[in-house]
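These are the structures in question, set out in turn.
The following pair of complexes shares a single chain, subunit A, combined with subunit B in the former and subunit C in the latter.
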Partner chain A sequence: MNNSNNSTKDIGNTFSTAKKQVLIWGTAVGIVLILAFISSKQSYFIGHMIIMTLIWAALASAWNIVGGIAGQLSLGHMGFFGIGAYTSTILYTKSGISPWLGLLVGIILGGLIGLLIGIPTFRLEGSYYSLATLALGLSLYQLSYKFSGVTGGATGIPIPFEASLKNMTFSALWQYAILAGGYLIIVLAICAYISATKLGFQLAAVREDAQAAQAIGVNSMRAKLIAGTISGGLAAGVGTIYAQYILFIEPHSALGVNIAIQAVVLSVVGGIGYVYGPTLGALVLIPISQIILKNFGGSAPSLHILIYGAVVILVALLAPKGFLGIIRQISSRISKRSKAEKND
Partner chain B sequence: MTSQVILSTSGATKRFGGVTAVNNVDFSINRGEVVGILGPNGAGKSSFFNLLAGAIQPDSGTITFLDEDVTSAQSHDMCAKGLARTFQIVRPLKGLTVLENVMVGAFAKTRSVREAKEIATSAIELVGLAGWESVVSSNLTLGYRKRLEVARALATKPEILLLDEVMSGLNPAELDSFIEMLRSVNKDGVTLIVVEHIVSAVVQISTRIVVIVQGSTIANGTPSEVVNNKLVIDAYLGELDYEVS
Partner chain C sequence: MGVVQVVISGLLLGGIYALLSIGVTLVLGVVKFVNFAQGELLMIGMYATLVIYTGFNVHPYLALPVITLMMFALGVFLHFGVLKWSVGGGHYTQIVVTLGLGLVLQSLAQLIFGGNFQSLGEGKFFDSVIQIGQIYIGVTRLITLIVSAIVTFALILILDRTLWGKAVRATAMDTGAAQLMGIKVKRIYLVTMGIGSALAGIAGVMLMPIYPVYPTIGTQMLLIGFIIVTLGGLGSVVGAFIGSLIVGVIEALAGYWIDSAMSSVIVYLFFIIILLVRPQGIMKGDVA
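Right after this comes the complex of A and B.
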């Protein structure tokens, strides 16, 4: 058990100092630059793998705000992803509006939908939010077929390749790595900021026990709505970046339910609720799935999904807090041991 | 302190289907008082308590807090106005540490993380949990969880604190130090309402006791008056020899 006579105020170091912040974000920028450099030097396959990892990490991290930090399981984040992808693509291809502006419009739309779906469902405890978000995503998928005049239906929308910064279209992979990596850093910075402030504490309280949180002054409805709005908006932004990278969208790749499942799986495996958990999940799982796809895609087309399932089951059974949970446990054990040795 | 009404109800009534849990209750508590609420199981104590805390709203009647009509206020509104509560079945925010639990309460009155930490640390000291700050709350014993509940509520800087069976389940040693702790909280200027099964604990700590049976108040007076009240003995205490210490 914990030593109750240990009155040293060692709690202060759980809160980051400004210096530590600079170090963390400096490292993050450095890592993205290194990844961009690697993607310019290595094969196309490696470059593509790096960019997909960054894109998925950003989507899973955006999901994590409402699904992990606030504990409201969204099963419909393909909806937000698709809103972002279709908004910027339609604005760009039909009206020539720069995808950068489309990105902003998509983020606002995604946030708005995230807010609107929360208003009726966050009042109710239980799985209503999960089901409502799933319904949102699935109906947007169907609608994208119905309104084929705008969305291109099953044939999708190709985005013309006219490389320029203004068009958010690039000829080299490293440029996309910087785009996706930069966006990931913004998402992570927002997650870290939320976690370290009043809102983060309130969301954690709501996740653990909404009624008890209410009793100590947390407006749980408001906290959940903020989380749902930010998460929806940021997920939509990922959709735009994905569309500009692939330069083609269609219902399955932009609104398929597999997108939402991927976001949940990466978060769960990496460490749900932790700021860097989903990124860690993406770093481990996306390269694995890409390598399997490349090597066995022809002979065993669904093998990567099978292996995904196995990994998820193993993590759920052995490490319910994900990889990051294991790392934290080990590091706290080490620090406790070294503290105990010091005390002896 | 002047005897000024801080919280009152007038004709408060709450029905659940055909059951009238709280029936036309007039109640008031002055600043600085410690009022105990006694009653047998199912008497409506907890329902009445939930009405006061804003967890449920009355079907009729009014609730007034600090000269303001709060009849339809939600629990987080009540908390912001200065009323905090604990739960009968303790509800620590399990995944969070003791410090984090109490900090959530402190955020009711501040935005600053540093300030919240200071408020939380002093509330933790007040309830005797110093040294346990970094322990995850699901690892605490029941007695310590109850202290955590009180610390979390105190961190919201309440004018009045509602304690729902906060002393049941404690062993005699824990009980004594708990009563001592509550007295010092009251001395710091917090008005207390104590709903409790343990008659001796309520008698020890309260300046006034209200007895509720079948949703209505049947007695209201000093501890010795109430314990010797014929109605109360018949309805609740039974024919036991109760000695008021």
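Right after this comes the complex of A and C.
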């Protein structure tokens, strides 16, 4: 009796999850289209804010694959971001290669570096991965000054404004909103896929207890390397989109350590390890920081960093699962209560 | 002759790194705490030196005791107010919390002092040089190395010879057992965090006459500190001191042979090689 009950429930579940998937991704596409519409109608400030939120959500979500789902705290994602930004920009400005192709090359390079930095560090316990990725990012920052013949050094590289789809250069903000939003959806879909597959469960096991995971036969090294590769590659893609939006890159904005720290902050505040956590973090914090920058940027240029720092400390100590963790806790309490009331 | 000069400059540079990394290794070894705000503590030490020098015209070395005490108090305060809540939370949470603390301290420095490089000014007593044959030694750098050697030696003596030091080492080895033996582990943690902060403050005082200060100076200093601690062996004070000298020499040689802009990149590469070849470091990971 119980068995048959369970199996019908399972069938119902798989049916509803398939439906749920369509619903979630349909909604996501809808939200991006609405945001693109808003950015075409509203002021430049609002449009810019929407695009920056989408770009940062994509970077934080890419970070989340290795930093959250795999539980390996990377402090070097400015490196991957910069690899993507510089690869596509150099290929485009020096050889006229379309940024779309540059995007792919950047993703491959970012993935490769993400793989290589994992090899010496993932076999060690502790904070070595954080330190090695930080060293990687700071090295690339230094190198971008050193090889100024290729990277333009401190003066950076301006990208010529020749609006066309082939050049990934657009004249209207809503087009960039669709570009960044589309990329965010791809990143989120990959996150959701990883979390739902065997790899995601292996990573969760490694994250919670590496030794126990090894003992039951999880190849933790392989799982972490895959996560590091995907995360690095996807972060590089965000760099290309950022470069094509701003149409100018230089070491500080494309390889500065603040990029990596911002990815960590958004993920921690939104909810580390949850697929949609970093996006929620970006939705909350990026508009706030943009508004602060607009109003106090001249008098107190680092005020938003102060708020980031304070929020991160509070969230990490009081609600380690972030805003999404709080929301889930509340909603599960409500559903429990309503169930209890039904039973009564 | 050039190489000898470079090696000596590297050893002198190592003196500054030693003060920072001994604090890192002590906190890591005893409290098992990864403090990513250690670089910002150094930054505060530098700004404090700057303020005391420009405001009251007090020589940095005379201000050393005051700043050391002040930074000890700050370390205790930060531990009591913020950091102690993440001591048991694992390295991940510790890094996130101290990263957030670092952001707060950085942006406060930016708000108060602005983002520019600031130094004590040139042409004063800071740039006198001793000449031995064809080798030049900056006096401030030499004093820094001597101070860091004295601090290292004093710390090892305290850890090795006093009852309190024994309690610290016991806590580092096995917190639970130490607690059962009646050692007040929480107090040990508090004092250790204070000492770690005070060491960063001393490093800041010693660095200020040599190097300009800016709000984000901590990030790179922190990374070099942790690289040294890895090289020296987690928790080893001697290892941190020797590691500092090694990293200082590598950085100076890389600057001499390759390119001064590349010297930190070479140190980071060296870090990856340590991780591949000898991740446990050169010394066994016991405190002292």
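By our rule, the second predicted complex is superposed on the first by the 328 of 344 C-alpha atoms of A that agree within 3 Å, B and C clash if a C-alpha of one lies under 4 Å from a C-alpha of the other, contacts with A are read in each partner's own complex, and residues count from 1 in each chain.
Criterion: contacts are C-beta pairs under 8 Å (C-beta built on N, C-alpha and C of every residue); 3 or more make two chains touch, one makes a residue touch a chain.
Note that the structure is a prediction, hence the values are computed from the model and not measured.
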Exercise for review: May I ask you to decide whether A:N219 touches subunit B, subunit C, both, or neither, giving the answer as first, second, both or neither?
Suggested key: first
Margin query: Under the stated touch criterion, which partner chain does A:A254 make contact with: subunit B (first), subunit C (second), both, or neither?
Written below: neither
Under the stated touch criterion, which partner chain does A:L173 make contact with: subunit B (first), subunit C (second), both, or neither? neither
Request  = Determine, under the contact definition given at the top, whether A:A227 touches first (subunit B), second (subunit C), both, or neither.
outcome  = neither
Practice item. Mind working out whether A:A135 is in touch with subunit B, subunit C, both or neither, as first, second, both or neither? Key: second
With the two structures laid over each other on chain A, which partner does A:Q202 touch: subunit B (first), subunit C (second), both, or neither? first
* To do: Kindly classify A:Q211 by the partners it touches after superposition: subunit B alone (first), subunit C alone (second), both, or neither?
  => first
Subunit A contact check, subunit B vs subunit C, more residues touched by chain C
Shared subunit A footprint, subunit B vs subunit C, residue numbers none
Note: in the complex, subunit C contacts subunit A through residues 34, 82, 85-86, 89, 91-93, 95-97, 99-108, 110-111, 115, 215-216, 219-220, 223, 226-227, 230, 234, 259, 261-262, 264-265, 268-269, 271-272, 275-276, 279
Note: in the complex, subunit A contacts subunit C through residues 71, 73, 75, 120-121, 124, 126-128, 130-132, 134-136, 138-139, 142-143, 145-146, 257, 261, 264-265, 268, 300-303, 305-306, 308-313, 316-317, 320
Given the complex, residues on subunit B that touch subunit A span 53, 55, 74-76, 79-80, 84-85, 87, 91-96, 99-100, 103-105, 107-111, 113, 116-117, 130-135, 139, 152-153, 155-156
Subunit B partner, complex, touching residues on subunit A are 1-2, 4-7, 9-11, 14-15, 196-198, 201-202, 204-205, 207-209, 211-220
